[in-house]
Amino acid sequence: MTTTRRNLLKFVGGGAAGALLTPAPWRLITDTALWSENWPGIPRPARGEIRARFTHCTLCPAGCAVRARCVNGQPVSLTGVKPHPISHGALCPWGIAGHHLPYHPARVRQGPVKEALAAVARAMDQRSAGERVAVLDLRPGRTVSWTYRRAMAAIENGLYLAPRQPAYSIDLAAAETVVSFGAPLFDGWGTPGNVFAARGNFRLVQIEPVESRTAALADMWLPIRPGTETAMAAALGGETTIAEAARLTGVGEEAIGAVKEAAENGPAVVLAADPSSPLMSLNAKLRALGRTVVARREAPLPEAWKKAAPVTEMAAAPDGAIRVLLIDESLPGGYVPWQEIEPKLAANAVVVVFTSTTEGYARHARYVLPSPVYPEAAEDIGPAIDTVGEVFRIAAPLLAPVVPVVNPGEFVARIAGLPQSDPLRERADAIHQAGRGALLGYADGKSTPAKEVTADNFWKTLNQGGCWMDDTGKKAAPGKLEFIAAGEPPHDELPLMVVAAGGRRGGLAPPLMSKLERESNLRMAANRVALSPADARSNGIENGGRCLLETACGRLSVVATIDAGVPAGVVEVAAGPRIADLCGASPRARVVRA
Amino acid sequence: MIGGKIAFASGMLVALAGGWLAFPRILYQTRLQPVNFSHKVHAEKAGTKCEDCHSFRDDGTYAGIPTLDKCSGCHAAAMGTTVAEKNFIDQYVTPNREPQWLSYAQQPENVYFSHIAHVKLGHVKCEQCHGNEGGAATLRPYQRDPISGYSRDIWGRPVSPIGLRTEGGMRMDDCVDCHRRQGLEYSCMGCHK
Amino acid sequence: MTAQNQNRRAKRYGMSIDIDKCNGCGACMMACAVENNIPPLPEAANDRRGVTWIRVYKVDNHRPYPERRIAFVPVLCQQCGHDTPCVHVCPQQAVEVDPATGIVGQMPERCLGCRYCMVACPYHARYFNWWDPKWPAGMEKTLNPDVAPRMRGVVEKCNFCHGRWHAAQQKAAAAGKSEIDPADYVPACVEACPTGALRFGDLNDSSSQVAQDAERPESFRLLEKLGTEPKIHYRSQRGWVREIANAPRPEGKDEARG
Amino acid sequence: MLPGPKERMRLVDKEFIARGLRRSSTGRFLLWILPWAALLVFGLYAAALCLVKGLNQTNMDNRFAFGLWIFLDLTVIALGAGAFFTGFLLYILKIDELRAVINSAVVIGLVCYSGAVAVLAVDVGQPLRAWFTFWYPNVHSMLTEVTFCITCYLTVLFIEYLPIVLRNRKLREVPSFLVFEHELHKLIYVLAGVGTFLSFFHQGSLGGLYGVLRGRPFAFREGLAVWPSTFFLFILSAAAVGPSFILLTTWLVEKLARKQLVRPAVFRRLARISGLLLAVYVLAKAVDTLVWINRTSPETGFQAWQYYSWKPFGTWILFAEIVLFGLLPALVMLTPRLRAHTGWLVTAAAMACCGVALNRFVMTVQTLALPTLSFDPFLSYIPSWQEVGTFLAVVAYGVLVYSFSFRYFNLFPEERELRLEAAAQQEEEPALAGRY
């Protein structure tokens, strides 16, 4: 008994000893280590032919030219296009990761298309006299915007709604002094490449309470008392004394004096965070109209399109009259707070939103239809606020939509019964017929007069990476500038002034934004607010603590960040649809511990 | 006592035999290529050279195993009479289905191997690394280490010389040896990515 | 490496960063993550567990509002040139300084994740993969074929976009050259910077832009006194910004963002 | 009729216990084992989580890349130094008194080292590649030195442990074991020598681990050739507290077992050695600190005072490390009058052990907490329950191994004689069986 057991042990022992003299154990150790190099879950990048393709970024109105590095046609990285005279090869962080958007986990992936069509049709013929069918276009100035306007003209009682577009554009290159009332010049305003290209020539005076990215690089930052911009403007415009302004704004007299002098001397321009703010009227006093503030020009249109509905602002729409509201949120743009829209809707209004995000109107609309996202959609981009002269560029799709999407333009055209057509092509032909301007191809960086190209090549180049520009030096003064006087913030007991941090907001943000928001503290995530140490202390809020942002319109659960760079009496927020709905017109709030 | 020694010795023997003879065979899983392609025929009859099919792209990247359209260029219809070709036409060319070739030489993901640098700058002949693949009448079975997932040609010395191919120099050691011999740099990042 | 030593002069790649131009937009960080196949990390990741080969820090002059001023400082692997702290601590030669380029290389497939190199690095420029890399469904299609995704449990860091270096080498080889054209080799962050704050080049080539930047009087390097000869040269006209090169001052403790 | 399973277990248990030793009943022993076993299981679960799901289970991060585990490793290895140092004193320096504790010392050493290695295996991100260090070693790395020496020394400890096991009453029935044990015993001097050499080295390189960090001026030290001063300080401190820890554990076992295991003289001898070395260490440490404050640190651009202005790490920690837990116990152990009292002895020994633990804490944790870049924040770190669990697993494992060894093997050769003497003195009253 014992002997056999002992022998068995000996046998095993011998086996073990022998095994060590064979390659087997060592090879297995090596292989397991190799296995850890590509164990399950680690994807293998596709290999294949690498080609460059061109398009334009539609994430904001800047429409920067984009060079996409594609493997087997699939874009794997995006860069700017150096020869492009407007964007100068620059992209913003959102644009750089734009090719990830189609795969965003939070993207709207399906929607009740048939139901929506049926509901809209029903509502349209059931609606009583005077009830309106309306399209809300968050990004006016595109070719599809004209489709909407034509559609609304074709429909009886059609209404084309859009956030106010400035009737002017800013010629930064012509300015020597830029006085910015909180305009995020270096962080989301206009075309990044254009701003930085012009940066060398102008002196920047940034007037805002928080030291934003723009203020940090400004030649002069005036940390103004929140809400006293008008007083400062008055002083710069010579309506009040500098002393008075200094008293109200908390900015030193000599500083204001220096700014006033600089503004009066040179070709100057005044910018405001909101392009239609009355502060812009200061430009007239500084004789900037026609020099740095010029008329905004759109590329030529087909004659047939002239019969189009006028642009109406939400405020001007009749109350309780909109029976059908179609919202094009496919591209992030000027979000109109919901509480401005709600009163305009009829009792049993049908609201359809074309969007990719659940953050915006999807929270309010009855029908949420998935729209294509950049770079899936064939779009064009209207001129940006800092684009002088006419320009036409197409965002050619880099890949087919990865989810079943609805094209808002086609949807609207269909319910309005417009004839089937390709508006972009028609527009391109119209521009080509106009025979003005030049066509710039990105592949070779060559610019050729439009009249020397055939219509087909014109169209081909626009789609394969190119843009049409007509910047005839003649600059016209803009028409009469209209401004919305910002309603005096209601003097309720809410202690904090809401200030929006810069950056592109609304719409899907590339998943990689986590690098800037969560994985470093470079940018404020959408659910964060920044407070001054003093305000935080007085409300018992600690850094990174959950708290509630309360305004007259409601409350929102956010995470507090204590930032010594934020003055007392100010709460800095990452502007977005939720915040817009929350703050609306009255930008005052309170932050309390959750 | 004696019994003990015998037990020990026999245990050892069994282990040795298993480790040296059985293990090398069971270690690799063997798969056959989708098509019985003959490099020899193409080289001799059609007089094609390696780079005719295994070509470089304009940007210098290596296209690797040719895609179907390359084959169908000539084989739109059967050219020979072999069964293999008939199957190839029926199963791939006609339905226009890419054959799933198994690449003996596919380097691991973490290797950046530049063919053109070796061929154009280093003047390395194909055979030097790939062995006499071009002259082979048939495609040898593809052997894969199921644990590491790598082709036998690119990782691990043949553990037992008995009855196994030893030629073909596409393992890391081969790269390093060659670079050493020619006094070339061989820092990790030079080849790894 | 495939080109002969003899017909190739050793490079010493470095970077110059103009802090006065950086507006902290973060384009460099995004471009880096896209180029180097770095996934967005799970919700649990914070600024101490993230993977950001280049990270832009927001620094300030520690003065109370409104005297407070901020600046943005991009920090990436400083590619130390003299007894590189991370190289000689690695127990298994997973870290090396490439003699041909001066780039400090990290070999994920050799690394066993002991993290000794991270402890050794004074710049916190090395990052550990606390999670297996995971991309949102479909997003793995957008991975860069020139860079291998890393696995969980290894350290990684900036290597001046080595994938691009390989590509440039290949392009040169295709043209029959062993020297790469400087224009072909630019790291993603430098290419992406919209303000032109970042510049890249060979510090051994005195005619290169970076070499000249490094000579500027307002140029400095982080923790230069440690004697590790970093190859990232910062510069600023603002005195208080140049102060950040020095050791920390405890009174500087205050609430940093996040 | 056959005995029931319970009964059988009792019998087996009994026949393994050495002759002439009193051990507690099987039942009580099981009772004592149970909670530790439970703790071990829990700990193993925690460790498994870290291995399967990855180190995201811990609270370490890119800035606190080393955490509780490294601190633990450095500490237990320092405390485990008793094994090699006692061996050194006994076999090389021929201090024969120490034969009374050498076995116990070996077991403690084994426990500490194997525990540390186990934790290291969990601590690395890719355990499957741990062997790379042996295959592609980077000879310049202190960690390579540590890995090699510790693995070698662990094997030595196993070999040293074998004779203790083989001398077990039941096992020695196997003739070949007896022979083997005898052969091994001839080797013991060689082993002691080798062990000492290896230990000196890895204790040193553990110190070097942080001392070489040029990028961490708080830890960086100058030194001889490739070895920073911490290299030698660690050797010294380990050698100093090794005996103290033996003393402490022996005393603890005596209390738990409620019986005398070694003669008081042994305690005093251990204390004297420990005190002496501790005194030397304190002196060296003080000098080193002064050099560091006035030269090493300033040269790297870091003023030493600033390290201590980040609360909670004030200068008090320096004081505690050098004076409170260094000088004080040293003096106690060197003063014959105090040494006479076991109470003082044990307290001093405990303080010495705390001292070395504190030193390792400062080296590992404080180094990482302190900022290096001017815009770094001062960081804190609290281990996750998985980390703590893994740590507890090592403790439980240690207690279990020691308990079994104590029960079945003759860890304290003097125990039997002492018992007989005690028995002889007191008239035939039944000696109370201990807890074990």
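In this document, chain identifiers A, B, C and D correspond to the written order of the chains, with residue numbering beginning at 1 in each.
Convention: a contact is a pair of C-beta atoms (placed from the backbone, for glycine too) under 8 Å apart; a residue touches a chain by one contact, two chains touch by 3 or more.
All values derive from a computational prediction rather than experimental measurement.
Participant: Measuring from CA centroids, which chain ends up nearest the centre of the complete protein set?
Facilitator: C
Participant: Decide which interface, B-C or A-C, involves more C-beta pairs in contact, and give its chain pair.
Facilitator: Result: the pair with more contacts is A-C.
Participant: Express in whole angstrom the distance between the two chain centres, defined as the mean CA positions of subunit A and subunit C.
Facilitator: About 29 Å, centre to centre.
Participant: Compute the distance, rounded to whole Å, between the mean C-alpha positions of subunit B and subunit C.
Facilitator: Taking the mean C-alpha position of each chain, the two centres sit 38 Å apart.
Participant: Measure off the straight-line distance from the CA centroid of subunit A to the CA centroid of subunit B, and report it in whole Å.
Facilitator: Comparing mean C-alpha positions, subunit B is 51 Å from subunit A.
Participant: Mind pulling the subunit D residues that touch 2 or more other chains?
Facilitator: 126, 129, 132
Participant: Tell me, which residues of subunit B touch at least two other chains?
Facilitator: If we look for residues of subunit B contacting two or more partner chains, we find 59, 61, 109-110.
Participant: Multi-chain contacts in subunit A: which residues touch at least two other chains?
Facilitator: Where subunit A meets two or more other chains at a single residue, that happens at 32, 35-38, 44-45, 47, 50.
Participant: For this structure, enumerate the chain pairs that meet the touch criterion.
Facilitator: A-B, A-C, A-D, B-C, C-D
Participant: Can you tell me which positions in subunit D touch subunit A when the two form their complex?
Facilitator: By the definition above, subunit D touches subunit A via 126, 128-129, 131-132.
Participant: Can you check the complex and tell me which residues of subunit C touch subunit A?
Facilitator: Against subunit A, subunit C makes touches at 20-21, 23-27, 29-31, 33-35, 37-38, 40-41, 43, 45-47, 49-52, 55-58, 60, 64-66, 68-72, 109, 132-145, 147-149, 151, 153, 188, 191-192, 194-196, 254-258.
Participant: Within the complex, which stretch of subunit A touches subunit C?
Facilitator: Spelled out, the residues of subunit A in touch with subunit C are 36-39, 41-48, 50, 71, 74-80, 90-93, 96-97, 99-100, 102-105, 186-187, 192-193, 196, 199, 211, 213-214, 216-217, 223, 402, 510-516, 518-523, 530, 532-533, 543-544, 561-568.
Participant: Taking the complex as given, what residues does subunit B use to touch subunit A?
Facilitator: Answer in residue numbers: 3-5, 7-16, 18-20, 23-24, 27, 57, 59, 61, 63-64, 108-110, 145, 147-150, 155-156, 159-160.
Participant: Touching residues of subunit A toward subunit B in the complex: what are they?
Facilitator: It comes out as residues 3, 6-8, 10-19, 21-25, 27-28, 30-32, 34-35, 37-38, 44-45, 47, 49-50.
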